[in-house]
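Labels run A, B, C, D, E and F following the written order; every chain starts at residue 1.
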Amino acid sequence: MKTVVVRNIQRADAKASASLETLGVATVHEALGRSGLMKPYMRPVWAGAQIGGPAVTVMAQPGDNWMIHVAIEQCQKGDVLVVGCTADNTDGMFGELLATALQARGVKGLIIDAGCRDIKALHEMGFPVWSRAISAKGTVKATLGAVNIPVVCAGVNVEPGDVVVADDDGVVVVAKKLAIEVAQKAEKRFADEDGKRKRLASGELGLDMYNMREPLKKAGLVYVDKPEDV
Amino acid sequence: MKTVVVRNIQRADAKASASLETLGVATVHEALGRSGLMKPYMRPVWAGAQIGGPAVTVMAQPGDNWMIHVAIEQCQKGDVLVVGCTADNTDGMFGELLATALQARGVKGLIIDAGCRDIKALHEMGFPVWSRAISAKGTVKATLGAVNIPVVCAGVNVEPGDVVVADDDGVVVVAKKLAIEVAQKAEKRFADEDGKRKRLASGELGLDMYNMREPLKKAGLVYVDKPEDV
Amino acid sequence: MKTVVVRNIQRADAKASASLETLGVATVHEALGRSGLMKPYMRPVWAGAQIGGPAVTVMAQPGDNWMIHVAIEQCQKGDVLVVGCTADNTDGMFGELLATALQARGVKGLIIDAGCRDIKALHEMGFPVWSRAISAKGTVKATLGAVNIPVVCAGVNVEPGDVVVADDDGVVVVAKKLAIEVAQKAEKRFADEDGKRKRLASGELGLDMYNMREPLKKAGLVYVDKPEDV
Amino acid sequence: MKTVVVRNIQRADAKASASLETLGVATVHEALGRSGLMKPYMRPVWAGAQIGGPAVTVMAQPGDNWMIHVAIEQCQKGDVLVVGCTADNTDGMFGELLATALQARGVKGLIIDAGCRDIKALHEMGFPVWSRAISAKGTVKATLGAVNIPVVCAGVNVEPGDVVVADDDGVVVVAKKLAIEVAQKAEKRFADEDGKRKRLASGELGLDMYNMREPLKKAGLVYVDKPEDV
Amino acid sequence: MKTVVVRNIQRADAKASASLETLGVATVHEALGRSGLMKPYMRPVWAGAQIGGPAVTVMAQPGDNWMIHVAIEQCQKGDVLVVGCTADNTDGMFGELLATALQARGVKGLIIDAGCRDIKALHEMGFPVWSRAISAKGTVKATLGAVNIPVVCAGVNVEPGDVVVADDDGVVVVAKKLAIEVAQKAEKRFADEDGKRKRLASGELGLDMYNMREPLKKAGLVYVDKPEDV
Amino acid sequence: MKTVVVRNIQRADAKASASLETLGVATVHEALGRSGLMKPYMRPVWAGAQIGGPAVTVMAQPGDNWMIHVAIEQCQKGDVLVVGCTADNTDGMFGELLATALQARGVKGLIIDAGCRDIKALHEMGFPVWSRAISAKGTVKATLGAVNIPVVCAGVNVEPGDVVVADDDGVVVVAKKLAIEVAQKAEKRFADEDGKRKRLASGELGLDMYNMREPLKKAGLVYVDKPEDV
């Protein structure tokens, strides 16, 4: 890893990013062809937030948050900070002070593949964080990493400027060159779902709405009347 | 595994089931002789719900929710849907649309040994789910499983029609032939606990209330006055 | 392990303990030189509580809560009960009845390296518990352990009388002989943080406030303008 | 759970059991329609053994091996002992002495959803064990369980007399009423595999041998010449 | 994810790849600036193999090995097949038949972020596999993925043609454009280590050989004579 | 944590230590009253070694092996190095070079609650290591810890000079003041086991040898003849 900070990154289309933020993780992930989703161990430290925006990326060392301090200077209003780590680590690399600094710059939230602390204060400030752990474990500032290089975070490769969307269901990443196309697909999907919701709410079965009876039969599904008939 | 759907199942006694629902998981589990409890990784996706009812069972494949669509047709008002999986899997096999369909049929909730998504919407709808993970990971509809056969879900063998009780403490299963007997025991246990609670609240020690001092002494417990005496 | 109960323990300085309780886990852990923190798997069963007080310690056997009953008699108003276990175990060793008994004695809360149940009732009672799991699994009263000997709980050695502080960030332990010194350091740290918070909120960068630019450069950090320059 | 020992169980057909033992876990699991496999955390404590035989089942309590002593009396030559546990537990419930007793009765091996110890001695004796952990943690003999009732072991429901097959790939369970049918299917599968192995070894592609090219194309798979074409 | 197969990929320099293979994982990882290492859950299914070569990459779906069949056709002599998965999954996606096909094409080994089976046969064939699990769980061929696109495997982003080195210590990935430079650094590092090994074997202390005494003192390390002096 | 090195420690009785080494982990752990055992995640990086000796202790920071270099100077012939870590960490803090230095001083082996690398070389050198992970992840030398203070390692509090015994079953720690007493108990236990082994090998049942039939009956165990009688 080069210990480097890239100053100028290209951010994904702002309008597409705003649309993806509104649609939420599950819809965006489906529109992406069911890819780009971070591992489910990434959970919000407080529930109810929904954010989306271009990624500023950090590769940090375990137990060391030096590069997060470095990254803050590279953040702009509306960004989402994404922190990967060179080894599995749950130390509390992030807390109230760093959140204060990020909030001052208009950053929307943090995605960190490590631990987070001061979660009560973060909730009161309204600064959302998705992390792999909650831990008060203090960290050092001793070893370099990098800022705005591609990083793997919770199983997904994130390039600087990619759109990151996060809500109570998890975190999904959309490559910046796909943002507009995916936003359109996601909007269409969302519109379609509303119709389906109404039909299902009225009692129609998915078996009929999706025309599944024939393919199920073809695949070999058999109906019997009683347990003894199995 | 036979890829089969059993249409007619025998459901546990409705009155016993209602009683078990009211008493909650810890009391029912004790009344069962401390058995029938699902693994503690099964957690509610939102807190505060308490349900109980006869199980409609599904054996699904990892990353595939086809059989849940099939199972909905077999559900009746008051049922609880129980989904086991042929391999450990955290994919989001269940979300708002399926919940809408289940709610339309009067199903009380879902127990799934896999992932769940749309948890904010599920909370708003008031549809409770206990799952092993929260994940937006989309699933396919490609491989058959079975409905209303015995399934192992989170470490417990569930037969169709067994009573499933779930609350913030977890999920417990009562075999349908034991439902009436266990409900009676659980009610008795609940009544007893109230008296104990009052005595303990007044400052009486469990050591005295349960007559433990003699057995502890017999088992070899020694009291000393200072750390140096150990 | 000697199966023994120590009746008289020395408790940490009350004023220092009160101060540590107010300052919270992250600040106390830093003041301790970043040590004394329990593993992050220890989580509150309900959010929002913050407690601190001298430890009464229990070494229990897996699936057996007999020694918790024994320990209650040794607790005084303001204590925190700390339960270690001789093997990894998630059984629900603690619930509403034991909490009622502890609350009657004025105990502030429980730290248990095992499971806990009746979490809804515990929340309603306002009795806070930090545990490794939530589980309704019932336990027996068959095998002895010990009370008020040093116990390892969630990775930390706890001596009876040590100060235990717990909040939404986790659990930290301060040796009783260090309590006064650590409380002073923690208070100073807390005062310092307030000034830093204000500066960061006003937009000042940590890079400047902490004078990091020079050491980062010395360590070899390089800034480039574009991704292609890496 | 009834605390009971069932003395007489019906064992699966001996010839089918012998055949399943020879074919091994992967082949048997496929012949079963890809079911019956225990969770992959079940690993042999020493490598290289392959066994199969009717199950004598035990439901044990965490940290308590009393019921294993009870079960030995119910074992016959050629049996496989299968131990489930009422809660997740890694204590060393089994070691050299119990293995000596089982070997004296001609039992082929042990499947235990808990811990095992004395693994060097077990290897020297040639007594194979599949367990969820290796641990020297001693256990007590204090709480009853049951013998020869249905038990869930590592995610699979095992009825007494079912055929259990175990090798370096894991453990699979065949219901006794299906043993003959599954043995036939597994033998056929094994015979088929030999031909396929030869064709693949000669360089033929699975794509051609299994006629996958057409279905892949139909499913939407696209070939491009260069990364830039994606 | 585009469901695509890229036919022509650029492979890393062959001589550098051969050198990296010889030097092994730990040395290569250090020469890379301590990056590129897969998560430590990736373990060899049999011990003692050491391989290195250009990656052919696969993105597979959980429980589905269709794309591995597709990928084999794209492999050349000396390649290493690398399989990522869209969700955490331990199913046995790979076994003896696929290994036979890969061995027929001269592929050196497999890295798979999922499960593997037939491990005894793989050992006998001398075909090495690094996986996250050993499991006989059978898989389907139902859903498309992709071949020779960038994939995240066990926490590392792997581009087609990158050098993958694997041995008993784990798996490391070297970007193809860095292969020559890293091979040179790794060779130098290896040469240096030999001298250090001899000095340490003769009893020289690392404290002296690395001149650590001064920096340790400066960092604040204190020596005391007796435990009471701490 | 004080960043300190204690030069002179009191080591446990040499004869008792030698005896404990010979008896092995399971026997010593039982003689200790079933305590002192490290968590079962501590596994040998190669099988077959059995060691015992007084502990030199290290508290290290995650991803940092500086203090191991410091500790080597404090080791004497026959010692066992025990490394705890301030946070859960699997980085490869130890490898061939450090092993060479320890072997040059006559140290018997290493117990480390973190990762280890170069395991092939360690096996060839005959230097045994018990660790929580195998990982090539490189570490830094940036942050102080301490040497020869009490450390919690894998769930056990280890004081400098305590006897550490390790074999294929795991790792156990005997407080130095108890070493002689525990060695005597363990020897007696070992002698007793030999007689039991012979009786069990001859076919005698543990039920009879341990006189369990009466207590089992008293505890409520019931024998029935057929499954239907349950």
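As a working rule, contacts are C-beta pairs under 8 Å (C-beta built on N, C-alpha and C of every residue); 3 or more make two chains touch, one makes a residue touch a chain.
Keep in mind that this is a model prediction, so the values were computed, not measured.
J.: For chain D and chain F, which third chains touch each of them?
T.: C, E
J.: Which of these pairs, B-E, A-C or C-F, matches A-B in more than half of the residue pairs in contact?
T.: Repeated interface of A-B: A-C.
J.: Counting residue numbers used by both copies over all numbers at the interface, does the chain C-chain F contact come out same (over half shared) or different (under half)?
T.: same
J.: Just curious, how far off is chain D from chain B if you go by their C-alpha centres, in Å?
T.: Measuring from centre to centre gives 27 Å for this pair.
J.: For chain E versus chain F, what separation do you get between their C-alpha means, in angstrom?
T.: 30
J.: How many Å are there between the centre of chain A and the centre of chain F, using C-alpha atoms for each centre?
T.: Whole-Å distance between the two chain centres: 42.
J.: For chain C, jot down the residues that touch at least 2 other chains.
T.: 2-3, 34, 37, 40, 86-88, 90, 135, 137, 143
J.: Make each chain a node and each touching pair an edge, then name the shape: line, ring, star, complete, other.
T.: Graph shape here is other: it fits none of the named patterns.
J.: Judged by the touch rule stated earlier, which pairs of chains are there in contact?
T.: A-B, A-C, A-E, A-F, B-C, B-D, B-E, C-D, C-F, D-E, D-F, E-F
J.: Please give the residue numbers of chain F that touch chain D in the complex, ascending.
T.: 25-26, 29-30, 34, 37, 40, 43, 47-48, 167-170, 172, 193, 196-197, 200-203, 205-207, 210, 212, 216, 219-227, 229-230
J.: In their shared complex, at which residues does chain F touch chain C?
T.: Touch list, chain F to chain C: 1-3, 32-35, 37, 39-40, 59, 86-88, 150, 152, 155-157.
J.: Within their complex, state which residues of chain A touch chain F.
T.: Residues 61-64, 86-91, 135, 137, 140, 142-143 of chain A touch chain F in their complex.
J.: Touching chain F in the complex: which residues of chain D?
T.: 2-9, 66, 69-70, 72-73, 90, 92, 95-98, 100-101, 103-105, 115, 117-120, 133-138, 141, 143-144, 148-149, 160
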